[in-house]
Amino acid sequence: MASNSFGTLFRITTWGESHGKAVGVVIDGCPAGISIDEEMINNALALRAPGRSPYTSPRKEEDKAEILSGVFEGKTSGAPISILIANNDADPSKYVPNKDLLKPGHANFTYLEKYGAFDFRGGGRASARETACRVAAGAIAKQLLATFNVTIDAYIVQIGSITAKPGCRKERARSPIFCADPDASERMTALLEATKAQGDSIGGIVEFYAAGLPAGLGDPVYNKLEATLAYAMLSIPATKGFEIGSGFAAANMRGSEHNDRFFRQDEVITTQTNNAGGILGGISTGLPVYGRVAFKPASSIAIPQETVTTTGSPATFRLPEGSRHDPCVAIRAVPVVEAMVALTLADALLLNRSAKI
Amino acid sequence: MASNSFGTLFRITTWGESHGKAVGVVIDGCPAGISIDEEMINNALALRAPGRSPYTSPRKEEDKAEILSGVFEGKTSGAPISILIANNDADPSKYVPNKDLLKPGHANFTYLEKYGAFDFRGGGRASARETACRVAAGAIAKQLLATFNVTIDAYIVQIGSITAKPGCRKERARSPIFCADPDASERMTALLEATKAQGDSIGGIVEFYAAGLPAGLGDPVYNKLEATLAYAMLSIPATKGFEIGSGFAAANMRGSEHNDRFFRQDEVITTQTNNAGGILGGISTGLPVYGRVAFKPASSIAIPQETVTTTGSPATFRLPEGSRHDPCVAIRAVPVVEAMVALTLADALLLNRSAKI
Amino acid sequence: MASNSFGTLFRITTWGESHGKAVGVVIDGCPAGISIDEEMINNALALRAPGRSPYTSPRKEEDKAEILSGVFEGKTSGAPISILIANNDADPSKYVPNKDLLKPGHANFTYLEKYGAFDFRGGGRASARETACRVAAGAIAKQLLATFNVTIDAYIVQIGSITAKPGCRKERARSPIFCADPDASERMTALLEATKAQGDSIGGIVEFYAAGLPAGLGDPVYNKLEATLAYAMLSIPATKGFEIGSGFAAANMRGSEHNDRFFRQDEVITTQTNNAGGILGGISTGLPVYGRVAFKPASSIAIPQETVTTTGSPATFRLPEGSRHDPCVAIRAVPVVEAMVALTLADALLLNRSAKI
Amino acid sequence: MASNSFGTLFRITTWGESHGKAVGVVIDGCPAGISIDEEMINNALALRAPGRSPYTSPRKEEDKAEILSGVFEGKTSGAPISILIANNDADPSKYVPNKDLLKPGHANFTYLEKYGAFDFRGGGRASARETACRVAAGAIAKQLLATFNVTIDAYIVQIGSITAKPGCRKERARSPIFCADPDASERMTALLEATKAQGDSIGGIVEFYAAGLPAGLGDPVYNKLEATLAYAMLSIPATKGFEIGSGFAAANMRGSEHNDRFFRQDEVITTQTNNAGGILGGISTGLPVYGRVAFKPASSIAIPQETVTTTGSPATFRLPEGSRHDPCVAIRAVPVVEAMVALTLADALLLNRSAKI
């Protein structure tokens, strides 16, 4: 379980720093026979790209994935798939003035403690730039899942105190901020504009919804499907919480209310409600798997902040001129959540092939 | 990452069904030189034991751990530590009448889908009985952590709609339900009695708090410390959510408010607040690591429930006479949460030994 | 890849010291639906048991495996299978006089260097007693493989300078030393008697032969089938070498001679020779997989040996009175080799289920 | 344990096909603080490069490694190190005529069976081209080991029936075929020339020798140091055997002769002989770790060979015009053996950091 890898059978390893030459991902264990091309991956990357809307960071790079291996005659061959995404807009000079300051809410302090070194150029490995690789790999996982009719959506359900109407998950694409409730979307964008004008940032919540899963995915005890999903979600930068199905609200529910009632519908056994979030005992029931992920407000803000240098002297942290600044990281995280759900389910699907003789 | 194992270097594997001969755990990778004995493990097990208070299930077994290997002259030898806990109070006969019914909120449906078989005796492998093994292994992890002055507490902070006062974590032992706020504890026990009288159950929230950690534990990207904690927590039966530090509340916070300000105190760099929950960029800061885990209400309730048989015929599920019935599983989960935090941190501590040359 | 575990999907973890309370194994990842019982395991253990013939060590224990979990109504349930074998003949007192001496050819020196401690009682964890657990787990792996018509044999092909006729592998059971060539078997037993009378020991070579494998098992690059077999074999105590197919003899062969010629026989593509040992590019061809494992002479000999104490003072090592003493460890290793081949192939069989969409 | 990865803590993942755009490796878990540069890697690659001598295949590419990530200010930063090696001399057109033939001794048959597809261009993933990535990663592992004064050599000890004088391992560099015995080297080159003239190939044996290791590396039971070395060696293409220390010769040795005698020399406990090969009970003793690896003759030969097509029709396999053709693959494998030993020891070194409290 090396630090930069995710998954057991469908396993990705990502590499690259925010302002290095490139970032990339190696996907090992993808079954042979899946049709993939670069366009599919680039479409996924475009959704995550900065500069996509005024509400996300204006980095001007165009993410172009290059498939270097693992595809033969248009299909996965069973060999590892290596994808490279060049870093085009990567001028590190503006990071020099702050390089000896501890950045509030950022990882340079802990990297220095752990490794004795920190690549200050745009956050190096700690940058959310790494998540482009997750999205690229996720596009392939989704293609695998699609052959089994599994679909995955993710969308914004809360920014600040504004919440979307429950159940809104279709047509999120029309919203510049991936919120499928048009009314909430409008109020959220207003909040984002105000927050940005103040040089501040704000948190949010992303919901995911996976439909079409067969029953039986996930393992009992430690690799419960909700546990691997929680691990996947909390590995995304800036996440602070995860819930599955009823989530934290279950703390104030009765068993008689929370238990989903089994019944038979068209020869299939299912349940009338889905407080479980599509998982019982760690194993998928066949109903939709859904949950929510909490994101903290971006730590990069335009407001100057008191801090210390790496040697402990008082200092003031100011974002460099022309710095990228996301008022709400939850928005750009939507395709990342989707990708991580896809990677988790693809792995569970393959692992489940050994359950029975 | 086999299904019944947890951890990379400090790695446990548990086995055993609720009503089989025994349950047990093998701990592999515990460093040599740690003093351990069976009493330490049995003390930990006593906290989790059913029948400990009127608010938990009255299973009458006395959990006695037997160390079968891995300890030589009172200390860990580097060899795997095998611990066995016999199942004494394990009469499966009462489970026979319901063996062909799908139990609402339970895993027999998904086990049947996945494996084609389900050990109906007390839930078999899906039973919370397995968590006794986590507590036993956690006692050893805590002993390892204690040599580095790391301490871990867990305690109830919410049952139903009743919440404990923030910051109450000491002297939880005086409360029969592990709640360190005496006033809330009293109201919670009243609620539990009423719920039990109604044949129903209720959910709750457990908080954990680990202090004394060195900075540097946890890995960037996928094995972030919060990600492995989330995985650990969601692997506990009946959990529905996890949050670290500010958690879901971060969704409605500003960056200027959420960012913890660095300063120097007595030659050590630290922060004035701890919204981060002691982790930045996946790596421990040296401040306390804390978070919360949501538990659903127990699915075993005395109220009869409509369901279907395994072949889909309508039926009514009634708990067998004299059945164990926990009104709130969050309470007995407190030592389990503590154990899982300990196992996660022990592994992170060992993994961190390779960070630098 | 914890030290005491073997396998990825079909994964075993063993525990226990030679003279502790018991040894045992947990098998995780065995598919549900395989019929197993304790008798099958005990039959396998009987083949490995010391005291089986005058040519192996006379330990008088009767190995009785107890299945503690993972079997429900006579079949594997998908839950981990825990097997315990008690240590009955385990009087450690005779090891006390030598406890501070470095034993030539033994592991107490290296355990002390690594762990700072060594369980001197019969070798503790370093004892070949651990291999009983491999044989128990191997019996289950063989049962899984049998459902796919895979069979595995192992047998002695060399002791000292005496070699068995090539191709002799059937009816090994009639030989007290698992050698299927009756003539060689007779000469080998004479050699063993002479060696034993001199208080000395001698090395040997075990061959394995697995037939009925489907093509496609094993992975390219690192998890080549021959690589996992080599890993499995060299993990057996006292092994010094491994070869697959043509083995070391290939060093003196021509390509024109070594290349196995493909042809079609009864609608199946196969090869006329099998220098490859049933594996090309790390993946099984469908032909028999065979190879050889070299064992050093047992390091426990009755002849007194010069050595030093753990602190470096000169001393003489004498086997304790009434000590167990195997003139040739390769013999008792035959069922262990068989078990390790079975465990390797069972894992490869499950891993191969994800090769294609 | 994904197919294209090697190692637990110091872990590499390689990717790329022989005639794709590039091959590459990601090294995850390399400790921070090690000085590395591209020149060091390119020097290692030059030793493996084809066309280095008339005795290896004349591929004209110049392998240039590009470090894409993981190095900051000249030192490893703790982030994954991505290295890319472009495929410059990669014209696949000459492979087209044979694309539907089963190539004797090659992997296209087994890849087709496993994956349903095979990248016929130069062997695709099955090509020894992948070993360039091992050499690149090995150069970094060697740099890590060098800081602990561990050195590793590998050299030819046998080609056909010609063997080098035992103990010759220095000054191998003067020999075009990495053989440190000048007399044997001369006779071997004559044999290689004759073999090549016949359009044939021949096998060989490579020895490795690692000195300066601390005692304590390697784990008991499954991850024995000799087992991980065996796994590493048999993962190299064309290998048929592995032995450690006394190896197969141990089968004809007595215990009284094989046991290495402990004594004290200059305050250090060591042994007078080293039949063990520097490992006892799976753990390094502090003496040199050495062993041998057998290579089959290259399966690509100029002599036409009878075979069948992928659908089973009789056919003749002829190497394409101007094809690369190595008379003895063992020679180019020397730096690969060295690299795999380095990767194995680097991982063992890091794993050993958790042995004691």
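As written, the chains take the letters A, B, C and D, and residue 1 is the first residue of each chain.
In this text, a contact is a pair of C-beta atoms (placed from the backbone, for glycine too) under 8 Å apart; a residue touches a chain by one contact, two chains touch by 3 or more.
Since the model is a prediction, treat every value here as computed from it, not as a measurement.
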(message) Measuring between Cα centroids, what's the chain most distant from subunit A?
(response) C
(request) Report which interface contains more C-beta contacts, comparing C-D against B-D. (result) C-D
(request) For subunit A and subunit D, let me know how many angstrom lie between their CA-based centres, rounded off. (result) 39
(request) Give, as an integer number of Å, the spacing between the C-alpha centres of subunit D and subunit B. (result) 46
(request) For subunit C and subunit D, let me know how many angstrom lie between their CA-based centres, rounded off. (result) 26
(message) Counting only residues that touch at least two other chains, what does the list for subunit A look like?
(response) 3-5, 8-9, 14, 29, 32-33, 78-79, 111, 114-116, 125, 220, 355-356
(message) Can you tell me which positions in subunit B touch subunit A when the two form their complex?
(response) 1, 3-6, 8, 14, 102, 104-107, 109-111, 113-116, 125-126, 130, 158-161, 195, 200-205, 215-216, 219-224, 226-235, 237, 239-248, 250-264, 267, 269, 275-277, 279-286, 294-301, 303, 305-308, 312-314, 330, 352, 355-356
(request) Using the touch rule from the top, collect the residues of subunit D that touch subunit A in their complex. (result) 2-5, 8-9, 11, 13-17, 20-24, 26, 28-29, 32-33, 66, 68-70, 72-73, 75, 77-82, 84, 111, 114-119, 124-125
(message) Per the contact definition, I'd like the list of subunit A residues that touch subunit C in the complex.
(response) 9-10, 29, 31-34, 78-79, 144, 147, 220, 350-351, 353-357
